């Protein structure tokens, strides 16, 4: 199945910790890739973002889905 | 300010497209790093995830925040 | 109160598991309904989505709010 | 690829609208299924949720990924 | 309907901008209230968070639902 | 680092509870501020939202990032 989520990063699981109902899974990403972020136009203007700028993609852990072949 | 989001990937902005209120920002990540995903314990069991497994981190574009120094 | 979230599916709670601060709640949805997904235009094009296509709505558990009358 | 997202609902695309960078995709879900929601233990207690209760799963459109075989 | 989302802040709509399929809605919150954030235990430790600390709640616009009586 | 998330509310941590891998952090917000929500244009129309209306910003706890200077 092909899915609409734009960002897929392959790597190796390095650590798994489990709690009551949740689990934390760490993945060492092996190849850097391209990330697509959707933000408000207002943010692009207020941060003065331009092509060529250095930037950081910031993602909360609860927003990451794990896939396994 | 230090923030609780576990995942920060540095790179360079390669493309910006704007719509009415939204914008799509593409970032070429330069250094692979470690990703922390929070999923259900049930998913760890059902996918049979183990340390050392190959895995893919999947992230919807709307969940990505962009930071700029 | 009327809320902007487009997707509301009624059903019956079948299971509740609690951890330290989180809880997993399973709901058996009784009537199929219509789901509205907001994805990138790029994804519509790359997946070649068209009206009439079979498709699957995929949702991470952390993104689901539970309501009770 | 098997993915950790617990909720997958099959159906047929009934409508697609596109904007500048976003698109709204409506899917008529055909078979009701089971939904897993992850909420705070505090919410289970404050709403007095119990197995057998009627409940509604509420999901914002931006949180839904679309998959296509 | 009572809902499990812990954070509800009342205010007045000050601005609405619409795009193709999305809309940006600004709300001037009138009474400060208490916010509940769910983060990783690892983040609490790494940021050294303690009761009494000054802290900032950071929320991406796509994660906010609007309710109207 | 400046970040694209539009909503930042300053306050004081009043309570921290930890579970297996998650933690719940309560912040008493001190100054009311302006919130930007991104919802579907369809929701603006269906709720009949207008500037000047009373409205409530609703946010699931898992969507909140905590920052500390």
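The first chain written gets the first letter, and so on, giving A, B, C, D, E and F; residue counts start at 1 in each chain.
Here, a contact is a pair of C-beta atoms (placed from the backbone, for glycine too) under 8 Å apart; a residue touches a chain by one contact, two chains touch by 3 or more.
Only a predicted model underlies this, so the values are computations on that prediction, with no experimental measurement involved.
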Angle of rotation relating subunit B to subunit D [CA atoms, steps of 5 degrees]: 120
Same-site or different-site touching of subunit C by its copy subunit E, using the half cut: same
CA centroid of subunit A to CA centroid of subunit D, Å: 20
Subunit C and subunit D: spacing of chain centres that average the CA atoms, whole Å: 1
Set of subunit B residues in contact with two or more other chains: 1-6, 18-24, 36-40, 42-44, 47, 56, 58, 60-63, 65-69
Overall pattern in which the protein chains touch one another (line/ring/star/complete/other): complete
Subunit E - residues contacting subunit D, complex: 1-6, 19-22, 36, 38, 62-63, 65
Subunit D-touching residues of subunit C, taken from the complex the two chains share: 3-16, 18-44, 47-69
Footprint of subunit B on subunit E - complex, ascending: 17-20, 22-24, 37, 39-40, 42-44, 47, 56, 58, 60, 62
Subunit E residues touching subunit A - in the complex, by the definition given at the top: 24, 38-40, 42, 60-62
